[in-house]
Structure formats: structure tokens, C-alpha cells
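One chain, chain A, appears in both complexes that follow, with chain B as partner in the first and chain C in the second.
For the complex of A and B:
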């Protein structure tokens, strides 16, 4: 995956700065890896997500999928994310901003 | 009577033996669970954690031994082992009264079903990874798994199954399994990677029909051509026995030199490339030591949609493929579609016999814009590559000289074509020789193109009027028939006279033993399935060109395919 093709889109909330304990952050990223978000690249995503306390989910907008837990490789695979698919990442928790920033850098 | 099943080559080699049909115990089959009385949930959870620790250590060990590709599998399996989705489900089952073994079977069984229902094949086949981790856990918990079903096995076992997990493959009785045939799976699945590293010939995607076969039947797994033969006739069996002994001799050596170029002892360099059918084939180009792509099929880009792909869409797809070639050439076959694969936006006419109907270039010349768009995308790619990694356009299904002329005239009009082909030297145009008339007339158009490529599968079918998928006549359509060799020879002569290279991209080219004959006939480039690359390169390094030309001259005098097989045997 390359990290330069898509910048995260801010969601509706950040207009009002929130207290750190209640950060909400979301972003849309596009899968650029020709092989899609396969096991190996998925593992990197899961590992990164697991570094944060925030609850982090992802939904595959291109497949209209439900949001899944991004800290689980098993759930991540169920997104069936192929190259070109748009994923909506969302984080909730004290380090949500940092989590989304770190995750976006993987795409 | 001999039965032939076509599949895909996933690990090279030839295995001869008796079928053992393996049906795994379902992950959540309660009958497979040992009658262990469930202790209290805390004790069962402790048992699960203890088993998980053992599996984790085992996977860590496995990841340290094998090659990088196999190591990756085990690292990913460790990830699944610790995944909260799995462990939460096990915990929930234990809390509702199941013992650790049953809870593991239930949890993994449910996840396997979820994955099997996914629409995308790559992700659906991740079910195998989950089943694999489940098996390891159940094994450590003392339950019945393939490790107890697949060991020990009798001598010379041909293992037949729907699919195998990496666990199955690492636990099977490796000393006694001489070949594997799978109804499903792909050449890039973990099992295929492991089979290659274990040196066990493997044919996959052979179709559900093979599951009708019985244990004990005598069979040959041809991992070179991707075939399963049951009850082979005497002559065929003899051929396979010869091939097998030849292969054993240089298999080990081949793998250690796969990244070196294939030079004959006389110093002639023969590029060995790969045929690419799917995205997955791309991933192993480098690992196998292939020098670029000798045949990229583009049908997938055009099917299952309501309008043709745009130039930019195609360009992106070709750029993607090109990025895997590692500064080697990329040969792209123009859309080769006919009535057998209807594409709605082309409104194909209903045909009684699509293989003799409007297909390949015949179809493209009826829809010139499609041809122009595809060429445009390839030319745009050629404008941005270095002259060493050329883009080659391959024209399929040529049967008339006029079709070559019409195609070239259309190409001339595409912006950038002349610049790339004549100035930059990054674009080449070639003709696929797969219809006998094209071979017979090749000398009339060879001087107008940059290369020829012989598709021996179709050339043999069209020459012998025999469908190679129809097992009743498939053996007639052998590319080693003297009639086909005559056509190959004519094509090579035409190429030589015009000063252009002649390639071969049919499945026969993947057989190491035919390399002396192919080079002797005058072929300059070889394109094969990925796993065959190391063995083919190794065989080329043994070809004495003078002897090979003599062999080809003798072969061209033969009247029967059997004599040609005999010749190859005598020199092997």
C-alpha cells in the first residue's frame, strides 16, 4: 500500500474541540495494494490498530459492509477489501486522533 | 479406461500411485469430539489457553524453519490464533457448558462457514486458514484431526481431497505421499506453496468430478501440465515413469539456480517467461525466477460488466501487471473472446461452434474501437517504460494474412504507436500462431511483425480436430504429434528468415524433457506456468544445440507421436 494517494476526510464532529477522553475521529481511505487488503497487509493494519486504546472500526463503503473491529484480523478479512475499495475508518477513545493518523499512513 | 482430469499445475513433478481419498472431519462435528466430560468453565478455559500456548510455540518454530513464503503463513496463523474474535467465541462456548475441544470446534466451525459464504474468492479461501488454526488447537486438546487421519499412509499415495489446509499438508505422511490432487484450491494457496517446498507434485482446481473417484484407484498426478490421470493406458504410464525419473535427477539442482538466466552450453540465451491467468499468478513471478510475462490474458478485464473498460481503466490494470515484471518484457494478448464467453456489450451472435466462429481478432476487427482502445492503453504504457522492458502486443486467432494487415493498419492510427514501435523500441507487435493456416502462411507476415508466439494448446486442437477437454479425444491433441511439429518448424523457419524471435506459450513448453526438441526446432523463447520455470531453465542449460537440431530433424521425419516420445526418452 502506498501512503500518498488519499488524504483522510474529516467527519462532522471536529468543529468543536473535544476533551481527550471523548475523541471521535473518522477517515476514508482507499486500498491501493494491487492484492487488496490481504492477510499480510491486513496484519500490519491490525497490529497498528491494536497499539491504541480507542475502539476502532472499519466499514467497506465499496461493498456496503457493516463496520467491523479493526483489531481483529478475522473481522478485517470479512471486509473483502480489494484494490480501489473505499474503507471508512472510525475511532472512539482517548487516542482516536493518533490512531486514525497512524492507520491512514498505512494506506 | 483412462480418465483424464484437467486442473492447474501448482507444484511440479510427476507422482504415480494409488488414490487415498481424504475427507476431513468437520471442524464442528460433535461426533469427532472426544468424550471428555466438560469440567467447570474456568478449567476448560485453562485447557484452551494451555493448548493455545503449545500451538503458538509450534507456529513460531515452523515460521523459523521454512522459506520466507511458508514463514509468512505461520506468522499469519499466529495472528489468527490470538484473534479476539476467535477467542471470544471459544470463551462464550465454554461459558455455556462446552468443553474446550468442542468449544474450539464450534467457534472455528462457525467462522469457517462465514468465510465460505464470502463472495470474493481470495477472502473466502481464508476459511482454510481458520480451519487450520482450529485443527492445531483441537489436536493439542486431544481431539481427532487430519494429523491422525493422514498419518500413516501407504506407500505411493496419491492424496485426493476437496482442499487441504497448511496443517493437513504439514501433518500428512510426507514420506509416502507422491502426489496430491485437489478439486478446489489455487496454485497460490498455502497448500501449494508448502507442496512446492516439500517437492510433492500438486494439481489443483481439478473439479468436483475427481471426488467421485475412489481410494485404491491407480493414478498419475502430472504437476507439470496440471493433470490427473486415472487408470492410465500402458503407453502413457510408461511416458510418465520416464518423465518422473528424469525429473528427480535435476529437480534439486533446478531450484538452486532458478534466478540465473537459462544459457545453453553453446551460450545461447533463452528467456523463460510466465503465462499469467490471474492476479495471483503475478505474485510468484520473481520467486520462480521468470524473466517477465510471456502471455498475459486480458479476458477478465472485459467480462462481467456492461460496457467495455475505458482506456484509462485498462492502462491502470496493465501498469499494475507491469510493476510485477521487474524490468522484463510484458506480452499482452489482445482480447481473445468468442461465443463461448459471451460479453453482453458485444452482442455476440449465437454460434453452434464458437471455437470455429467469431473470436479473437475476428471479433476485434468487427469492433475496431475495442481494438484501438486496448492498443491505446498498451501504447501509453509503452511510452513510459525503459527499452529493456518492452511491451508486446500479441494478436490472437490469426488465420488469414489479411487479418494481420488489417490489424497493423488499425494500430498505425493509434497515437504514439509509430513513436514507440520504431523510435523508442518499447513496443512490439506479434502474432499468436494457433491456427494451422497461420503457421503455414507465417512467412507471408513474419517480416511485418516483431515476434511470433506459438500457442500449442490451440494449435494441436485445431490441427488434429480434437477437443483437449473432451477426455475421449484429448490424447489425440498432443502437441508432440508430427503434424503439429511440422507447423512449429514452419513457424520457426518463417521467424528465422524474417530475423524475429519465435516464442512458445503452450503447456507442452512446461515439460523439461521437450526442451531439446523445442530449441532444436528453432524456438527462441519459452513461456510456461510459474512453478515450471526453474525446471525448464535447468533443462535448457543441458541442451547441446547441435544435438538438438539433429534431434529435431529426426523428429520431423517421424510419422507417429509415439516415435517422438521414444526419441525424447532416448536422449533423456
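For the complex of A and C:
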């Protein structure tokens, strides 16, 4: 599922080395909250993720979980992320870099 | 921004779900509840008139999503909708979502400014999302 319908004009612009629609960014974050990733912190993650166009997923590496949609609170809670767990965040879309940067500050 | 109505047989449950939902939504989303049968909320059951008042409390043009526990909650909610003027009823929707999960999801997505049908869709998706990642 992709909604990267960027203006084709951007592709003709020499100052932009890569089409913004091509951004892929991932990062691993460690949950520091002693209560883990709970409903309220999850709410803030979903709120932040929803500000971006990019498709953003998270997988709990410490539980070998599948990647879930970070814009869904119900899926985010499925990660059952406890303190010390490592989460792999991945974003695809025109604002993927900014999305990962913003999200990393929440853990 | 849509409004939410929590309907439960239990006044305590309705209040508790409202509290959880409010924490997910922040200040902007109107969330009312109709729990219990009697005015003091001591008797378990549902009351269409109580639900009607709860709808009127949060009604807005963007719409109202009703989240119910089950059984007569659903029937009383239907009756409450029938008592509303046609123009208001059109903007109300009974959700098939589970009460607790649905209210949490709906509150968050309502606060993001999503429209009624979209909020209901994500809330109802909770039905098919197991809480244990490796279950189901």
C-alpha cells in the first residue's frame, strides 16, 4: 500500500539527488520505560506516526514478532514491548527520514 | 471531530471505559456514557433514554459513534437512535467493535480528526486483532 504520488516535476529538479518518494529508513530503539510500551506511551507513538505520510512499521526483535503498523494502537500493543526490548522501526515514503527521527525520540 | 458514546450494562464499567477512552483522546473529543439501568447506576441493565441523553450530550455534525458491550446494550442503543430526529440519526453509527478495545482505538483515531466511518473501521478491526501477537 503506497500513496507516494509525488509531483513528477520533482524528478526533473537537479538539486534533489533522490526522489523523496524513495526514502527508506529504519532504526532499532530500546524501550527504556520500566512499564514497557504501554497504552499512553503507545498513544503518543501513534499520534506522532500519524503525522507522516510514510508507511511505518515496528517489529519486536526481542520477541521475534512480525512487523506491525505503527499507526495502529491495537497492533502496537501486540508487540508486548517490555523495558529492554529492542524494536526495529522501519519507514517507507516521502518523509521516512523525518518520521524515524521523530519516533526515535519517544523511546 | 466525532463524538463517542459508551454503552454498558454496568455504570462502573461505562465510567471506566470512558476514563480510558478520554486518556487516549485528550481534551478535544466528546465522550459520554450510558451505563446501568437506574438513575443511581446501581442496577445492571441498559436504558434507551439514558443512551439518548448521552448521544445528545456529544452530538455534533461530524457524527457520533456508539460503542456497546452486548445484548440489550445493542437493542437499547437501536431504540435510542429511533427516538432521535432523522437528521441527527443519520450521523450516528452503532459500532460492531468490542467495547474496551474499540473505545480505546476509536478515541485515539477520533482525536486525529478522522471521519466517522474511518474511525469505526479501525475500531472494528480490533475484533480480528488478537492481543497476544502469536495467537490466532
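Everything below uses one rule, namely that the second predicted complex is superposed on the first by the 89 of 107 C-alpha atoms of A that agree within 3 Å, B and C clash if a C-alpha of one lies under 4 Å from a C-alpha of the other, contacts with A are read in each partner's own complex, and residues count from 1 in each chain.
Convention: a contact is a pair of C-beta atoms (placed from the backbone, for glycine too) under 8 Å apart; a residue touches a chain by one contact, two chains touch by 3 or more.
No experiment lies behind these values; they were computed from the predicted model shown.
Within the superposed three-chain model, A:69 lies in touch with chain B and out of touch with chain C [touch as defined at top].
By the touch criterion defined above, A:77 lies against chain B and chain C together after alignment on the C-alpha atoms of chain A. When the two complexes are overlaid on their common chain A, residue A:35 makes contact with chain B while staying clear of chain C. In the superposition on chain A, contact of A:46 is made with both chain B and chain C.
When the two complexes are superposed on chain A, the residues of chain A that touch both chain B and chain C are 39-40, 43, 46, 72-75, 77-78, 80. Interface residues of chain A facing chain C in the complex, by the touch rule stated above, are 39-40, 43, 46-47, 50, 60, 63, 65-66, 68, 72-75, 77-80.
Every residue of chain C that touches chain A in the complex is listed here, in rising order: 20, 23-24, 101, 104-105, 108, 111-112, 122, 125-126, 129-134.
Touching chain A in their complex are the following residues of chain B: 72, 75-76, 79-80, 83-86, 111, 114-115, 118-120, 122-123, 126, 129-130, 279, 282-283, 320, 323. Considering their complex, residues 34-36, 38-40, 43, 46, 69, 71-75, 77-78, 80, 82-83 of chain A touch chain B.
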